[in-house]
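In the two assemblies presented below, subunit A is common to both, partnered first by subunit B and then by subunit C.
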Partner chain A sequence: MTRRPALTTAAALLIGVFCVALLAAAPTLMPPFYVRVGQLMLYSAALGVAWGILGGFAGYPSFGHAAFIGVGAFAAGLTEARYPGLKLELRLVVGLAVGGGACAVLSAAIAYPILRLRGTFFAIAMLGVSHVCAELNNNVDALQGALGLTLANIAPEAWDPATVFYELYLAAGVIVLFIAWEIKRSKFGAGLLAIREDEDTARMLGVPTTRYKNAAFVISAVLTGMLGVIYAHSLGYITTDSVYRDDTNLNLVVFSLLGGIGTLAGPVIGAFLLVFITQVVLGNLLDFHLFATGLLLVVLVLAAPGGILGLLRTMRRRPTVVAAE
Partner chain B sequence: MNDAPILRVEGLSKRFRGLVAIDGVSFTIQPGSITSIIGPNGAGKSTLFNLVTGYLSPTTGEVHFRNTQITGIATNRIAELGVARAFQIARPFRDLSVFDNVRIGALFGKRGVRDVGATTSRALDLAGIAHLSAAPANTLTVGQLRHLEVARAIATRADLLLADEPCAGLNPTETAAMIEVLRQIRASGVTVLLVEHDMPSVMEVSDRVLVLDAGRMIADGPPAEVAADARVIAAYLGTPDAADA
Partner chain C sequence: MHLVAQTLADGLVLGGIYALSAVGFSLIFGVLHVINLSHGILVLIGAYLALMFSNALHLDPLLTTPLVMVVLFVVGYAYQLLLIQRSVDSSHLGSMLLTFGVALMLQNVLVWVFSPDVKSITPSYGFASFHVGGLTFDVVRLSALLTSLVMLSLLAALLKYSSLGRIIRATAQQTLAARLCGVNVNHVFALTFAVSAAFAGAAGIVIGIILPFAPADEAFWTLNAFVVVVLGGVGSPAGALIGGLLLGIVNTLTGQYVGPAFPNVTMFLILVLMLLIRPNGLLGNAFSPSR
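What follows is the complex of A and B.
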């Protein structure tokens, strides 16, 4: 049964609040290198959760979510560049609204045709979308993808920019996680789960599958695009190559596979672990990252298709199954 | 039997390229009845179900549920009106518990207010699998899965249940249990349309039997009458003429 006792929900919430407080306080104690690693961890985790609303909850794994990072980043950057007089504290708000809006329009426009594809076909089609967006952004001069685009600083003068972005990613991550949690426990979430399990049966039971899939796609795209806007500001200068990244496309899939696909905590665990492994453990072997990620993916799919959470669950469940027989 | 029909099928045909799967079939179903559709393999029984539930669009003809034309509208919209289907090959949500499987039916299904928890429990009770509610669906036997399929369908609060061979592959004890469940469902006010191969079950449970052969309706009446019909016997066993030819 899914209904958890109120006590464990409260306990989980308490642990969550404690973790967030700990993470928020961490930059004051950490050396600058680790603040940057922490930034990447939080950014990746938030992206992973946003990806999971479509890829995990609805079972439509996208291999091209970098499209939304890029579209969000450039839409925000170009708009902000047009209004250089914009107040510091308004810049990010405008950027988020425009970037999110652009991704909403893009995802809503392609949702119907692309979500008729299932499984691998959908994943590959999304990779295509990502590449088409990147090419357009790179070759249409007005979009300045090849030339590059400078984004104005949004960190207040007195503050350390690295810490500001760290805290921004943390706040964004908490919001994305909260949205995902609300979706997961709603009727909408139950419908997405049914779609993931068996789309034809879901439709027969009255789940408005097309509408739900489209909604999950747009929500996931908008959140991803808004994270891309923050990312663009943290870079300060973006080109097509720095936001439409194929390693992002790959990593978003790996985060969920590593942590546990379809769960809330899975992408967070996966992102933290993968960023830690590639940035800290393999920090001196930069060329090795993509190879290591690829290798991990192969091992995961073969050995632990449910990810870390799936592995924990089967280990916990096994004794009761034996007892029942 | 003076009520308005719950389902009205008029001149329904479905062609797949050259093959005529359903050929001008018309019938009405009265509320509160159990009606069986029988016929040899390939007669078009499953196609007929697919047409009624919106998985396929007919080439010609119309399907009316109550006073609504449901020909060609989306499957989920038909479910919202109150038509549910139990698949021939059980298709549970394998990663979910039995309770959660049925709960999805209760959450969605027919439009209107409901108590999801109570609806789920009632459906589990009616299908006789309340004791399995905590079990993961992928641990169930074939017979239990059939009951789950039925429970999930009636949890949608449907007024019309289309059950596609609910007894196929079940042993006599399980078949008897399933027949009892169908009776209980009818008693709860749900109209049942059944496709079934198991003749003793059909004869026992049905108020009325429709016989399809090669896409055409060749007989319609009470079970005993249909069983004695020369055309029905010919459809199942062949005619002496056909054997000679």
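What follows is the complex of A and C.
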């Protein structure tokens, strides 16, 4: 970990606060379509950062984080449906607590066995977990996955719901980013980095690898689940298919890969860029989405395995890449 | 008792087809250490090619097998040499993501060319069936199973007795040593991939005549192959056969006795449990990178 001079950190913070303020004010100026796109961007970025706590920092790329979105969404939705008399302001709080709690229990239960797998095996096993959760949710009648679940409104009457959710996502994103930042600069974060670089050596040198991995997994899962709760409310009506989505599973990996894996800004850049490309640039070419995402993946892997940030870093470090190689 | 026997028989037939559909994946996994997420789409391409050829040439779909295999052999060779080989070094996720990207692109291409609708290939003997000792067998399913077993034996013989098979096995065991002995490793990798793709195509034909298929099925066949390989063990037709038969039986048994919606749940539970308890598969081919 590099220690930056205090001045740069202050400048970075200032820029960050400025950006957040700008983003918060943006919905008043943007047409409704772009508020929706902005929602999706902020939601995706927050998910990407939450995914990165495990996938980026610790090097355990999960292909099944949609499991936590779904579990969080359904846990919150079912609880809120049980207590319809809940006050408007309390609804989201209860939902977040229950959704986050459900994900904490699920992730803590599977953390120890599943984190013994490494690399691609962990990734595929998580995909399995996501599918099992989705199918169970779909087939157990009490969970109403196939029937669908209507969530009560949480936006105050006087406000535009799209803007409310935009600001909610922004707040959630800032909180997730802050948590990830705190983790990255802590001893815990250094331990995760050591696990990513060489897990066996890290354990030999006294890093409590199992405890750290499990903690990162649970934190990542809880944050993802809470974002899922907000997402469910913004949809208003959820079924298994709308929350346990395989394209979410994939996109979370792509965000980090596109921006730069293991960094804080990487998933944010990746999410903004990918959502912009698919929603705005290719907005009218729905038939082309899969192909474009696939092509982007192929080009990324072949041309820029370090993502955009990795590419920038290499260019800065070695202005004449060709000559150095 | 009768129902149990019928369910088991159905499971075995289904399992034979699963085994063929997974053997290519298993070979690539064992030799190249690449998880080929575009495997399912290669299987589907085989099915679509068979549909196209059998309609155009008025042939029995099973007779188009050599043609389909040749096409996919060439495609597989080029795919490995031009794309996958370059991604292997970039990161441990590189080849996985690349193949996923290719799978998405090809799925979209299939939708453009053949429409997203469900298709099926119906051979002339499509609805014939016969009885043996009180059990019913469809002719179609049985010929599919027979084709699967013949193809698996062919591949096993190829790997065991031919010089190409020896080179492939040597490269899988120790890439560096093979290279030192003068093996052109990249060429062997490409050939292995080509063989795998050809067998995926053959599996596609067999699947095409007994089950309906659509471009969106590719993920199912990829995951299915993964489960079969995890169950049976990596890199050998025998492992694929055992894994496939087991999975087939488990699928029909859960479908019959637990509920028609649950085979996938069981499949993934088995996958996760096997990865945790015995990541080398039942036949136990040494395979360490999982932990």
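What we mean here is this: the second predicted complex is superposed on the first by the 317 of 325 C-alpha atoms of A that agree within 3 Å, B and C clash if a C-alpha of one lies under 4 Å from a C-alpha of the other, contacts with A are read in each partner's own complex, and residues count from 1 in each chain.
Definition applied: contacts are C-beta pairs under 8 Å (C-beta built on N, C-alpha and C of every residue); 3 or more make two chains touch, one makes a residue touch a chain.
What you see is a predicted model, and the numbers here were worked out from it, not measured in a lab.
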> For the three-chain model obtained by superposing on subunit A, do subunit B and subunit C clash or fit?
Replying inline: fit
> Who does A:177 touch here: subunit B (first), subunit C (second), both, or neither?
Replying inline: neither
>> Is A:287 touching anything from subunit B or subunit C once the two structures are fitted on A? First, second, both or neither.
In response: second
>> Looking at A:135, would you say it contacts subunit B, subunit C, both, or neither? Reply first, second, both or neither.
In response: second
>> Of the two partners subunit B and subunit C, which one touches more residues belonging to subunit A?
In response: C
> Regarding the shared-chain residue A:206, is it in contact with subunit B (first), subunit C (second), both, or neither?
Replying inline: first
> Roughly how many degrees, to the nearest 10, is the angle at subunit A when you join its Cα centre to the Cα centres of subunit B and subunit C?
Replying inline: 80
>> Let me test your reading of the model: by the given contact rule, A:125 touches which partner, first (subunit B), second (subunit C), both or neither?
In response: second
>> Once chain A of both complexes is superposed, is A:187 in touch with subunit B (first), subunit C (second), both, or neither?
In response: first
> Once the shared chain is lined up, is A:197 touching subunit B (first), subunit C (second), both, or neither of them?
Replying inline: first
>> On the combined arrangement from the superposition, state the nearest Cα-Cα distance between subunit B and subunit C in Å.
In response: 13
> Where on subunit A do the contacts with subunit B and the contacts with subunit C coincide?
Replying inline: none
>> Which stretch or stretches of subunit A touch subunit B in the complex?
In response: 1-2, 187, 190-191, 193-194, 197-198, 200-210
>> Using the touch definition from the top, list the residues of subunit C that touch subunit A in their complex.
In response: 35, 83, 86-87, 90-98, 100-109, 111-112, 219, 223, 226, 259, 261-262, 264-265, 268-269, 271-272, 275-276, 279, 289-291
> Contact residues on subunit B for subunit A in the complex?
Replying inline: 53, 55, 74-76, 79-80, 84-85, 87, 91, 93-97, 99-100, 103-105, 107-110, 133-134, 152-153, 156
> Mind pulling up the subunit A residues that touch subunit C in the complex?
Replying inline: 61, 113-114, 116-121, 123-125, 127-129, 131-132, 135-136, 138-139, 246, 250, 253-254, 257, 287-291, 293-298, 300-302, 305
